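Presented below is the structure to which this report refers.
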Amino acid sequence: MRRINFARIAVNVVLAAALPLAAGAQQMESHIGNLTGHSDAGRQLYFRYCWGCHGPHGNGMGENEPWVTPQPRNFVAAVFKCRSTPTGTLPLDSDLFNTLKRGFNFTNMPSWAALTDQNRADLVAFIKTFSPRWKSEKPGDPIQIPPEPTLTIGSIKHGQELFQKLECWKCHGQEGRGDGPSASTLTDSNDQPIRPYDFTSDNRSKCGRTNQDLYKIFMTGVDGTPMPSFADVVKPEDAWDLVHFLRTLQYNNPSPELTMWEGTPEGKAIVAAKRVKQTYTGSGVKP
Amino acid sequence: MDVRGTGVVGGRFRLGTTLLGSIALLVVLLFSCSSASALPAFARKYGMPCSSCHEAWPKLSPFGQQFKDNGYQMGNDRDAPIFQNPSYWPVTFRITPQWHRESTNKAQVDGVDGVGADEAKVTTHGFDWSGLDFHTAGTLANNISFYVLPSSDNTGAFHFESVWARLDNIAGSSWLNVKFGKFELDNLLSEKRILTLTNVGGFYENYHFQPMVAPGVPEASYSFGIGDNQVGIEWMGHSKDDRTRVSASLLSSNDGTPGLPTSRGYDGFFAASQAFQLGSLGLQRVGGFAYIGEAPTYFQYTLNGTGIPGTGIGNKGFQRYGLIGMWYIKKFDITTMYFHGKDDATLATTLALTGAPPTPPTGAHSPTWNGALFESHYNFNPQLILINRYEMVRMSQQVFSTNPGNLGNVDTLTFGVRYYPFISSRAGFAYHGEYAISRIRGASPVTLTDLVSSSLLAGIDFDF
Amino acid sequence: MQMKRVVIAGVVVLAASALAVANPNPAGGTISGKVTYEGTPKKMKPIDMSKEPSCAKMYATPPTGESVVTGPGNVLQDVVVYISAGAPDDAAPSSAAVFTQKGCRYIPHVLAFQVNQELKIVNEDQTSHNIHPMPKLNREWNKSQPPGTPPISEKYDKAEFIPVKCNVHPWMHGNFAVLKNSHYAVTGESGSFTLPNLPPGKYTVTAWQEEYGDQSQEVTISGGETKTVTFVFKAKPY
């Protein structure tokens, strides 16, 4: 045992020099509910799990960055996609925490649900050391989401009108397939091509599965991408109508909205026309 | 691994095999097949460093365990091969060039007392290499995963270590996964992911222990190890965050050997575990497992007096039970395991190659034993891990009451260190140093006294 | 408070920031001059607006890109000339800088304003735009502005040149020049600029063009004189 201890000490000394050094040397905390995350602990986890894509300096330039699209998030820029805060503001700690738990569909970012809550809180704290914005700014005030009104056909139809009026289809396409006239030209803030969300592919939109998550996406915008915030132009009650309509575009995903929509002759015809028979490719597109 | 499972009933082994010979062979085979699953193929596919899925390659982290349980899928839409660059091929090779020193205190030698009548200490050392593993694994489509592992010993002789396909998340439920083929049992403490490599320390004693029938006489009528990959079908379910895991398997009673060499019997394996967060210490996990097996004692048909493969009957039972805890205290962790085994008396004592039902010798008992394992790690950082393991096996019921009470008891102590000079998403590379020593009571070939073996190894373990 | 003069041509009437204001310090010196290029600038291609008929129909001939706009005598338009060092930071004026989307173009193409000055973004088109400025130092936001909605009001609190785009209409491209002091100008058709009312001192004058980058010159003002500075950018043909 004694010999082993010596060996341990010797290797520690060698390793201390080899340990990766993080860009952000300052201490940060995160607060999610009654959890407190510490950046010191988060750093250990970051250099185990995250640096391959996000890079040792947190700038999204990890060794795998050339092979990852969309590019890994740049924590130095501190622009985050899934927030409950208005466009251009920093997200809440809980937004980042939930993102870590959920992962991002359609990207390389997996769910980190296998880690403990404490681990994720620590990681959030460490991520915040990369940008001075976390020192100089406060996260935005979360947008107010009124309670969801009762689902009606009128609500879906009004949502359908809004989809036209707000020109959501310019990118997302009339059928929500992500194939609108502008879709092919879209680039993100790194000038990399990016696809608009295809509602027909799945029920998992980028920032979560619930109606509230859908509400938040277009009211906060997806910062760093072409998806703008509609908070200034859509009234909260209208926003829920839009949510109800958007659900009917996800025709592969059973929902009360889809059921009600298919209960009308108009909706039934629209959904039936979309249901193209396809072979099972493993791409998630089911026949 | 397959030769262990070939079994006496298949007729390839004879009693003439000395105990030392079989132990040496066993040890060589075990070593050559230490096929741990650590796949840069996955790292390349997902662009993640080894350290994401491995606390220290090849030992899994909770994230890696979840990835595996989810059918080698992240669940983020990059899983199906249709999303990969067409030139991507999910293959990984692993091999370990090394220098090692092996020493046995009492080897059977010719001497003054006659041919093979003496014992001597035999020590050898030199440069060498391990067997080679070809891991091919991944997904065939969304929620259909596979693993094929042709594995060679260091002479280049191949066998199939793993051959399976798995339907994952059936009906969208993480509780419904079905695996079919040859696979590693759902062992929380995976022998395929063992962190030690030597002939003495490179396997778990408890996973392979079989009692001695009498001094100098091994249990010979069947061969089994919980650490061996088995052939069958497995249902596995887990909670989305992988905190709760359960599995049940129906297995062919052939210890994973191909060609149905012995019986038409089936074994069952059951495992369950639960992880929980203990403050800021980390994720703790406790679990249990049970293997209920059977093996034939004679043949239904013979040809020229030798049993026809696959027609073994007269199945007798054997059981293995275990409780396991994996305890994390920040960077230090310790795995504790309690193990209990029992073999049927007939199975333990009788070697039948013929068509006649055997009768166990009078006074034969069903042997039982208990085992314990303590494996601790200090994971200094993702690049350095220190390993210590102590295993013991204690007989509680000898086959014959004339046996010494401690006959066959094993103690093994292993120390290891693995240093990964770089961590990348393309290859695994570790400097490996290890020393292991074991003592088996009453197992020396001539004097039937304690057999002590030790291994020292320094090598470079890599995969790509 | 502070004065500024911006020389802008054409439609610029809309740009409130461009209006000259009263001069409280007539005794100051002036830096004026011209921005020209040498070599061959790349040819601006006509913009295909066919995907947005409501805008396309506003043009008899398709408008061209505006990343390099030249004039007779090799002058360069849309160059921001400003005092990058030597002048103290100024408080933001109370007037708003106005950025207008009309005919699926940005007017002006380059809008200069001060740190913390109000920025008003107006949509005069019959189509939805999204305004997506892409700063590196300031906050990055991205807002939708359907036709008939009120102007968007924003501010930037750090000096920076910010490219602006509309993701829906990929040809739409503009720039914000967020500056620390009130001594700046954007060149118009004549390529000339004037920075008046400079107290005596040593200044660094910088000219910024969105494709060609920036150039600086040192100028010392000792009284009420007018100093002439010429910036010559090397044009790249691609």
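Chains here go by letter, A, B and C, matching the order in which they are written, and residues are numbered from 1 within each.
Convention: contacts are C-beta pairs under 8 Å (C-beta built on N, C-alpha and C of every residue); 3 or more make two chains touch, one makes a residue touch a chain.
The structure presented is a predicted model; accordingly, all values stated were derived computationally and were not measured.
Trainee: Determine the chain that sits nearest the middle of the structure, using the mean of its CA atoms as its centre.
Mentor: A
Trainee: A-C versus A-B: which has more C-beta pairs touching?
Mentor: So, comparing the two chain pairs, more contacts are at A-B.
Trainee: I'd like the Å distance between the centres of chain B and chain C, where a centre is the mean of that chain's Cα atoms.
Mentor: Whole-Å distance between the two chain centres: 71.
Trainee: Just the number, please: Cα centre separation of chain A and chain B in whole Å.
Mentor: The separation of the two C-alpha centroids amounts to 42 Å.
Trainee: Which integer distance in Å separates the CA centroid of chain A from that of chain C?
Mentor: 35
Trainee: Would you mind listing the residues of chain B that make contact with two or more other chains?
Mentor: Residues of chain B touching two or more partner chains: there are none.
Trainee: So in the complex, the part of chain B that touches chain A is made up of which residues?
Mentor: Touch residues, chain B against chain A: 43, 46-49, 51-52, 61-63, 65-67, 74-78, 80-83, 139-142, 144, 240-242, 277, 279-280, 282-283, 378, 380-384, 386, 388, 415, 417, 419, 421, 424-425.
Trainee: Hey, which residues of chain A end up touching chain B in the complex?
Mentor: For this pair, the touching residues of chain A are 4, 7-8, 11-12, 15, 18-19, 41, 44, 47-49, 51-53, 62-64, 67-68, 103-118, 280-284.
Trainee: Would you tell me which residues of chain A are touching chain C in their complex?
Mentor: 77, 79, 86-89, 137, 165-167, 170-171, 181-182, 185-187, 189, 221-233
Trainee: Within the complex, which stretch of chain C touches chain A?
Mentor: 51, 127-128, 130-132, 134, 136, 139-146, 149-150, 152, 167-170
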